[in-house]
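The structures considered in this document are given below.
After this come two complexes, each holding subunit A, first together with subunit B and then together with subunit C.
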Partner chain A sequence: MEYGLRPLGREKFWLFALLTPTFIGLIFGALGSVLATVALSFANWDLLTPPTWAGLANYVNLFKDAKLLLSLTNTIKFSAMYVPGVVIISLLVAVLMNRKIRGVSLFRTAYFLPAVTSAVATALVWNMIYGKDTGILNFILERLGMQPVCWLCTENAMYAVVIVNIWGAIGEGMIIFLAGLTAIPREYYEAAEMDGANGFHQFFNITVPLITPSIFFQTLISTINAFQAYDYIYMLTRRGQGDSSVPVVVFSIYRNAWNFFNYGGASAQAIELTVIVAALMAFYFWLERRYVVYE
Partner chain B sequence: MTKQTQKLILDIISYAILLLGAVLMVGPFLWMVSTSFKLPGDQFTKTLIPPTFTLDNFRELFSVDINFLLLFWNSGYISILITVGQLITCAMAAFCFAVVRFKGRNLLFTALLLTMLIPPQVTLIPNFIIFKYLHLIGTSVPLWLPAFWGGAFGTFLLRQYFLTIPRDLVDAARVDGASLLQIFWKIYMPLAKPALAALAIFTFQGAWNDLLHPLVYMPSVPNTMLTVGLAFFQTQMTHGGKFTVLMAGALISVLPLVIVFFFAQKQFIEGISLSGVKR
Partner chain C sequence: MKRFLFILVIASLLLAGCGGAKTPAAGNQPVASSAPAVSTAPTEISMMMWGDPAELDVWNQIVADFHQANPNITVKVEVSDWDSYWTKLKTLLSAGTPPDVFAMDAPLYLDYQSRGVLLNLQPYLDKNPDMLNGVYPQTLEAYKTPDGMYGLPRDFQTIVLFYNKDMFDAAGVAYPTADWTYDDLRAAAKKLTKIGADGKVTQFGYSLDLWDFEPGMSEIIWSYGGDLINAEHTKTLVGAPKAREAFQFLHDMMFVDKSIPDTNTASEYGGDPFLAGVSAMTAFGHWVVPGYTDAKFNWDIAPMPNGPSGRATSVNSAGFVVGKASKNPDAAFEFLKYVLSEPAQTRLAELGFACPVLKSVAESDAFLKQKTQINQKIFLDSLAFAHMKPVFKGYDEWSSTIGDGMAPVWTGEAELGPTLDTVVPAADEVLANNQ
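Up next is the complex of A and B:
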């Protein structure tokens, strides 16, 4: 309450009016949805017949049903590869771009392009690139004397999809890191130079500690995105009957609800996703307090 | 080795890595453009320059049974409505949080920020059920209506920007007898143009590229958005063996955003760095 304009008389009404959409969103969009989804997760409902009480059955199924369990392990595997991939590669790109070399703005445009365009459209090209007999990727591999890979077959599809998702996310990560890097005062490096610290020392003793806020933020965003990853997976791994060769939780929720009309089961999965993400966020903020350096 | 040669070598290595990376980032787009101008018979040739240059794929795109123009129009007006809704309602709330003093401000703001942790799937299921009972599935209403009840991301971004506007301006306006609404509309909105532009582009981009929501709310062709249309088209064209037409469709669907990006690169980037740096 320490700063701010005090509303006078009728202005109290206008203040309320300005906040009304947000109130509706909070009550109806957020709180209402969460409560409704929790309630649904204890029910069986196909929207055609009246809902019936399911008790904990939908939650028990999350760990008993082999397909639902597979979707959870897939999501975890995906995130375990995607998050470090995005953070490390985009940090590397940002550090290289921060070296004040010619043509940086051109590079920045190039690296950001996949972040601008829709995953649906670029997935169509990636689908061609990954083609087993006709794709350019295997063509290049064979030219280099390597064996062709069946990229989108079940055994490799996870890696193929992780690669494309990282490709699509580097642009945003790079911007976050560039903003963090340009905020580091030049004098720090000059002082280190005088003391005879080489590039490696400077990177690990100045750059990394001072950029921990950006690393923290990017890890957080990447984790949320990893648990939401859907578009590329839908476009690249779809099979007959709405199935996927890399069914992650988000994919499974869609299929459960809109292909099988099992809205209760899908709700339980949505809650599962929320709990995992919330737990991870709590863990990240605990790490932040211990390791992130704010000036 | 002198300092200068050391720096030169490092520069060359950086250049080489960045160049290789740039090829990997842009390569798929070049491939998209190239394939869309190839004859269907040449679709798997491994040359970047089409052996025979043709515009037939674009002609075919607009003559096939899925109505590409309708998809384009739908994506356009739905994304614009979503953007307008977000700009207005987020700016309204952001102004209150940044400028006005009222009871429960911090609590309300924290609650709003917490909603960022709710995955879209959690809101999607109950919203779908409600819209189904209102007989609105298959229409665009469920896609744009929720954009008119604010949102944590947009409100946060604009609030951060509003906070950087000097308070003296408000005090001076107050002395001159300006009302709350006048201060919002005549001072804060014009001064926040850069942030509003960044949020507009960010929101439009998200709406235009969204797949999950149109898939749930407008699931069937022809009356849907470009993303769902292209996904449907993929199955059709892959079986028909016409990747060239598919690439023409993909190219046209990314073109509007790419054009805006080349003109307003700064705003694209601002949307991300504004949200990221100033916590």
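Up next is the complex of A and C:
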């Protein structure tokens, strides 16, 4: 395990040399945008005429805008299902894919494919699966003698998009966990086997504790992705004029900025989203100190 | 892609933020506005529009023709899809480097004009008094402001009734006529609807794109004597009794007769059940004609039906405007003038996405005898009873507020009346914020 190693001498030079492009990008790209967003969140700006001072009006609106409040609720519900779903399922898939199975690379590729396929194309396929009268899923249900379900109607759409988003994220999660799993020394398992631990015990007493750094990282990444989820949701639930039956916060930010000439309001919403994610990150790092095991 | 959009919004904030510092490109030396209409120095102007590849081909031809007629002016055309077009345009405008000429959808025109980014074309129009003589006057209305016109139409859309002849023949129902009322439409739609033994509808009588008022909804509201918005654009009228009657009529067709698919069902057929061959009638503008050309059934068009308060349709136009920051306004206007000329309008007519605004071309074979053998004249005749699609500042947000609010009604998840009661005040608030 290399977590504790510090770079020495020439390594230090290369460390900074390789990080420089990222830092330049962050400082001149991200940092500038972040500052501009903060400044604009205190302004009335329609993009076309000079911005005027708005004070806290955009922030007060965060609590009054019905469309935004609905989007926030949706984002939180979505994240609450998506994050555990991605972490648990991709960990299980990674454990399966970490065995010596014939054609394991074929399976790994299959699980990773959604990550490299256009979200628009895969969402179209999911539309064919979820369709009420013409979908494959309902066709199967009816064959089994069950009532067809309107998967993308408002009451079910949230679950439907969570499933698609989890499905799309398993591949990336699997890669993270596979990296963590291969780093666990085989001897631990061999020793456990000799002591008579079954697979279940091995998983919870060896795999899970030793893979907590990967679980932590994957939870963090999934949370950020959950709060920014957009493409599958847009493709599966879009309505006219950029609306969705499950509008998440990104819908609100995008529409306010680009459709409603309300850049100030959109900036305040973006800040709100950032603050929520940052608060969650702080909570995660607190958990990390308590529970994550770095060997 | 997941983070792309988010980054895009953030990045454009930055771009827009520092745009003011940009200096004009070296090639764009300012041309004095007192220069003659056709400048003698070679000029290049940029033109931006939304559209698909077929449209780009035709516009490249129009631009080539224009260059032949005005060898000193070269036009660089850039085409994007609808959504990216507006994003790109707003970014360029806020950076102070808009294209010289760009496309405008009439309802959104005032959102730009009122923010002072468009060039007033009135001085040019005053110098060319005969220029608009041959243009349908209904298509010019949208661009008029108290201090003149800041844009000119290039083509227009009226909404008509499309019907699947094969379905009418099979059901033994007479084709829609110019005498049809909405009650006739409802009766015919009922006869054309097929409900299977399991209660599933396999064929619908009528289908509507219920996201926007323009195709099919504003028509029936006007025919029932209602309206969308008051003349001052301060009050939303879609909750008034007459409009409610019209909404109720469509609602009953959808949920009592089951002759109109709800929007969830419609989206299973790619959003257009008529094109998918499962709906016998629909209401749209000319923009669907090229797509319908490949339909595997016979179809034609009829005027929108009559209502208790007469017949109504909607007229909307797409046009061109000139950026106020344009360095070549004279050349830009020359191009706008050319777009309204017979050769350019003929090319647009042949493209077949819309109706030409120049009467002589609209009434010529170029428009009336297109590849698709339908009664094209109905699009033109509909102008006689057309209402203008509303044009006011804040249109996008207003129509989105109503569209979002009404969406659960058209999926069958919310009641019509109470929904209208909450949507109308929300829409009025948008209007108040945009005064």
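The rule we apply is simple: the second predicted complex is superposed on the first by the 265 of 295 C-alpha atoms of A that agree within 3 Å, B and C clash if a C-alpha of one lies under 4 Å from a C-alpha of the other, contacts with A are read in each partner's own complex, and residues count from 1 in each chain.
The working rule: a residue touches a chain if its C-beta (ideal position, glycine included) is under 8 Å from a C-beta of that chain, and two chains touch if they have at least 3 such contacts.
On a predicted model such as this, the values are computed, not experimentally measured, just so you know.
Bringing the complexes onto one copy of subunit A puts subunit B in a clash with subunit C. Of the two partner chains placed by the overlay, neither subunit B nor subunit C lies in contact with A:N205.
Once the two complexes are overlaid on the shared chain, A:I175 sits against subunit B while remaining clear of subunit C.
In the overlay built on the shared chain, the residue A:T73 is in contact with neither subunit B nor subunit C. Once chain A of one complex is fitted onto chain A of the other, the partner contacts of A:L48 are limited to subunit C, with no touch recorded for subunit B.
In the superposed model, A:S267 makes contact with both subunit B and subunit C.
In the superposition on chain A, A:W126 makes contact with subunit B only, while subunit C stays out of contact range. Set against each other, subunit B and subunit C touch different numbers of residues in subunit A, with B touching more.
Once the two complexes are overlaid on the shared chain, A:L96 sits against subunit B while remaining clear of subunit C. Across the options 21-29, 129-137, 147-155 or 255-263, subunit B meets subunit C in a clash only at 129-137, per the superposition defined above. Across the superposed pair, subunit B and subunit C both touch subunit A at residues 29-30, 32-34, 36-37, 40, 47, 118-119, 131, 134, 228, 230-231, 250, 253-254, 257-258, 263, 266-267, 270. Considering their complex, residues 29-30, 32-34, 36-37, 39-40, 46-49, 66-67, 118-119, 131-135, 150, 152-155, 225, 228-231, 239-243, 245, 250, 253-255, 257-263, 266-267, 270 of subunit A touch subunit C. On the subunit A side of its complex with subunit B, the touching residues are 1, 3-8, 11, 14-15, 18-19, 21-22, 24-26, 28-30, 32-34, 36-37, 40, 47, 92-93, 96-97, 99, 101, 107-114, 116-122, 124-129, 131, 134, 136, 139, 167, 170-172, 175-176, 178-180, 183, 199, 213-214, 217-218, 221, 227-228, 230-231, 234-235, 250, 253-254, 257-258, 263, 266-267, 269-271, 273-274, 277-278, 281.
Of all residues in subunit B, those touching subunit A in their complex are 10-11, 14-15, 17-18, 21-22, 24-26, 28-29, 31-32, 35, 44, 46, 89, 92-93, 95-96, 99-103, 105, 108, 111-112, 115, 117-129, 132, 146, 148-151, 155, 167, 170, 174, 179-181, 183-184, 205, 208-209, 211-212, 215-216, 219, 226-227, 230-231, 234, 238, 243, 246-247, 249-251, 253-254, 257-258, 261-262, 265, 268-269, 272-273, 276-277, 279. Those residues of subunit C that touch subunit A in the complex are listed here as 1-3, 5-6, 9-11, 13-14, 16-18, 83, 86-87, 90-91, 93-94, 111-112, 115-117, 200, 209-212, 263-265, 267-269, 396-397, 399-400, 403-404, 407-408, 411, 413, 426.
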